[in-house]
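Before anything else, here is the set of structures, which you'll find just below.
Each of the two complexes below includes subunit A, the first together with subunit B, the second together with subunit C.
Right after this comes the complex of A and B.
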């Protein structure tokens, strides 16, 4: 059974430990600006929303890559960026309609969530259970995908 | 079933792979006229800065990829199409028969009508062969003149500057990347490049190229009277679709090959995709040649689905969009970035920090955007445009502060997050 990140904004307190854990796991830095998961702060309503790649079935990033640098990880189902293949052209960053592929100035490559190979550090770090790693059918991912399909799917 | 694809770029290759998935028994052939395995022109600038080797530009990295999928990749040039006899003529002699034909022949650089353009040593940057010539000439200290600061000119610009050449760019328009950036953004990019040591002439034409003096290969004469000495000239003054081989075939062309929403040309057995195809633009509702990678990929996949007999593979239109890195300043534009008729817009400009964000609305729907210096979550601009999401109260917030685009996206599409059941 494939697993996915389940994000529950109503449980998020905005502590940003997920961002710290992500940047440390992937870049060996405690630097939220290098995190692949982001917590958005809705100042007006005092709400927070953790947000990262849903590993969507359409894989806009993968299909737009000119050099086959984004591949599906057979074990996790994640869409992984192969750093040694990525040339840094950034086409995937504009193709992903969810805005979850970002360019990293330091490496000259793009980066996105790869589920940490099956042990997402963000989920382990979240103290309130707003980010959990669960069986895919519990995530509401199907609704996301249906939404994406409805809105965008027939363009490709 | 015999599927024949002309053109070995991204559109052709994606179409071939999709056809193989849909029809395991069909014959799938790609004809391309270059010596190398199918590769990406987009990767050439990264080859020039040695970020990748030549194999790093290949569309598919596994050497046995095409054999494994039983996709026959032939090297030849198609000189004509006989739609009655359902075959194409090859420059190398003979013909290839087809049941369904995909025209994915892309485009090629145009050479401006300037005296001296035929002198040896002036190159476009379009093929791997061109890139090899440029790599030989673009050595540290060499005087290089780049004609054209459009999208292609600008991605080469970065590679040339990184190779340590003494670079001068000459652009006819009043700003850099005029078909992707508005006046403010295009001129900020110009200033940025100048600060990085590149000489930029806008609103300037090259009027003649002559043999140089004093050990320099060329003298490049500009319309203001200036003469630039150059060791290497690179021409990036635009491209045009490769449609000439269709003469007499009855397949209708305009700027590119005319297609419908199923990628079909005026002939029922002939389809077109990618940079040669004049396909539906999501934003304008008109048919135009976009010549961008994501559109080529969309087209290739859709054409194959229709060629493979899948119903309902209807094109909803591709959003025109581009992203560019000029010496570390990243810019992007989407959809109706130049504005919609009777639309509204908002912008934030911080020229000192090279930050710029311009949003274009129709009612409370985002229809276009231009950004400079924005790399985080930039894809949501496409997402909001293509989903035609009603921004409701977020529109006013964006008008006041366009940088809240990500909040607006989350607030409009997933009010309390992905998983709370509101979508």
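Right after this comes the complex of A and C.
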């Protein structure tokens, strides 16, 4: 079963545990500035939102890469960056409509979420369940259930 | 290894900035943050120095776990000699600034001297620079934050600043970071402004690494996170209600200081409680609380984010206050509310916004307003002094108006800015100041919680709950339940809490974790991160060493056993209602025992043997 990161902003408290888990997994450092998942704080409305790559099926980044450094990981469905192939041209960062591929000036390559090979560290670190790793075809299931319950006036 | 081993020394007089290596011998004896920076302060300043003179120093300091994934590991402290008390001051804050400092590669920043003109410190990793602050001097913290973000064109910088209150000499000015997290108590902001430093602006992209044993560290971190999640207080109570979870609990046990501590229960407590913040308002159909929010790395997330009802008299036609911002914590709600007899939740939220906007300690502010109200009742403060404002207990308008005036250092706000001790001396009734060593009480009346009386009387920064929170044991049963109305055993209890808290404050972790964690949960995280031997025994010794070092500084600054006391009201006017009815605080039964347990003379001086044992 393929799985996807499910992000639920209403559960996010802005603690940045996900950013630290991500940077630690990938850089062996607690360094939010190098995280591939970002939490945004919309201060005046009191809202937080975690955001990262959604692993598009027809990935703009993958199609735009002139050296084929972005490939589909058959096991996870993630679009992985092959660091040894990437030339740091950043065309993918222009192509991605969501801004989730970014350049890392320390390595001279781009970086993006690769679902940690199937065990996303951000989801494991999140204390509130705002980031979970679920069946890719069922990311809306909980929301559907909640609405169904509400329309019935049923109890859980 | 936990530490970056880099100290930034900023000489404001000469405008020079130098890097120096962290003194690792001291780190080994004092760990970090509160303990380590206090050691630097004690070594570098004369205890008798005028706190607002260039000879005082101001230290921003992190702990070895600051900036790591340890839950709540985002804390920093500001250490200096405090202007409100004349005692050593260490004020702790959350938000995101501490982790940013660590991520920029620094353990601490030491400010010394005084800048000839207003400046702010800008740090981007190795690069540090003093920059002209003339554009932001005279502006609120919120304005300064906005201007600095625009000037540096960088949404990711983190900012700590002082407000107009500090510039105007208000003695209980806070340093506010991330708009509404504060190094709040003891007037550390006043010291910063006295040095002509308006703000500290940080950007760190180097990250925090150098963990001694990464595998053991992540194991300890995950175990710690689980304990916090499974605990009823840190897993449920604090996220849902914030520290305001305590309002109704403490009121019920008769330890809610009310109307300048004349009463121990407040009839309006439920209206300003954490539960009330969830209720939908009649005015605009919304609840006061928008969401809870976390500081850096915190898996508890007790922070309150609130909106004020747009129709409330305080903000009608003032859209700058219509957005969400830091809401009421228990201490602010109590001091601004119960202690002044005000139960208007929206008015208190507004006053709290102002405390963040211009950097005031809401505890000292509320208590000082309460003292002014009692002086007004006694006819010693009149409308002539206040510019026509009626200072009656229960008047929301008096609280919000005086908060506005104190923020700007205008009119009677200048008198409020003195703090309650100087205010009550000025108007001839010094005994009406509810303070110890000049610092006002927090929200736990020591007539209803006896051990807190001893904790307040002996706290090294004056009346403070965060120096020894025996409420945990006496009210909540953490780690074991003791009877709040008895004095037996409280000397040992207070010492144990004081020493353990000294350790927590030196790690980079938040003391609120100790609703669930003991040092047994913290020790594995420290030991895995930091080089050296960090056993439980050693941590406890470090805690005791820090406590005694702070005490010796205060003694050298001129404090004596006579200052280890409580206001007459708490010692001789019994509680009139609630479970503690008929009881005052029995400090004299506990204090001599405490000195003995501490290894101090009957005059409150550490014995030679105690000093030798702790290497002091």
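Assume the second predicted complex is superposed on the first by the 139 of 156 C-alpha atoms of A that agree within 3 Å, B and C clash if a C-alpha of one lies under 4 Å from a C-alpha of the other, contacts with A are read in each partner's own complex, and residues count from 1 in each chain.
Throughout what follows, a contact is a pair of C-beta atoms (placed from the backbone, for glycine too) under 8 Å apart; a residue touches a chain by one contact, two chains touch by 3 or more.
Source: prediction; values computed, not measured.
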Query: Does the superposition put A:72 against subunit B (first), subunit C (second), both, or neither?
result: neither
- prompt: Should A:15 be classified as contacting the first partner (subunit B), the second (subunit C), both, or neither?
  reply: second
- prompt: So, does A:24 touch the first partner subunit B, the second partner subunit C, both, or neither?
  reply: second
Of subunit C and subunit B, partner touching more subunit A residues: B
- request: Quick one: classify A:96 as touching subunit B (first), subunit C (second), both or neither.
  value: first
Message: Looking at A:2, would you say it contacts subunit B, subunit C, both, or neither? Reply first, second, both or neither.
response: neither
Query: Which of the two partners, first being subunit B and second being subunit C, lies in contact with A:47: first, second, both, or neither?
result: both
Query: Counting only touches as set out at the top, which of subunit B and subunit C does A:108 meet: first, second, both, neither?
result: first
Task: Applying the touch criterion given at the start, work out whether A:85 contacts subunit B, subunit C, both or neither, answering first, second, both or neither.
output: first
Message: Identify the residues of subunit A that lie in both the subunit B contact region and the subunit C contact region.
response: 47
- prompt: For the complex, which residues does subunit A have touching subunit C?
  reply: 13-17, 20-21, 23-24, 27-34, 43-48, 125, 127-128
Query: Within the complex, which stretch of subunit B touches subunit A?
result: 10, 14, 40, 42-43, 46, 51-52, 56-61, 282, 293-294, 297-298, 301-302, 312, 314-319, 321-323, 325, 328, 330, 332, 334, 375-383, 386-388, 406-407, 409-411, 413-414, 416-421, 423
Message: Show me the residue ranges of subunit A that touch subunit B in the complex, using the header's touch definition.
response: 6-10, 38, 40, 42, 47, 49-51, 54, 60, 63-64, 66-68, 85, 87-91, 93-103, 105, 108, 139-141, 143-144, 147, 151-152, 154-156
Message: Which stretch or stretches of subunit C touch subunit A in the complex?
response: 67-69, 71, 96, 99, 103, 156, 179, 204-209, 214, 218, 225, 229, 239, 290-299, 301, 305-307, 323-325
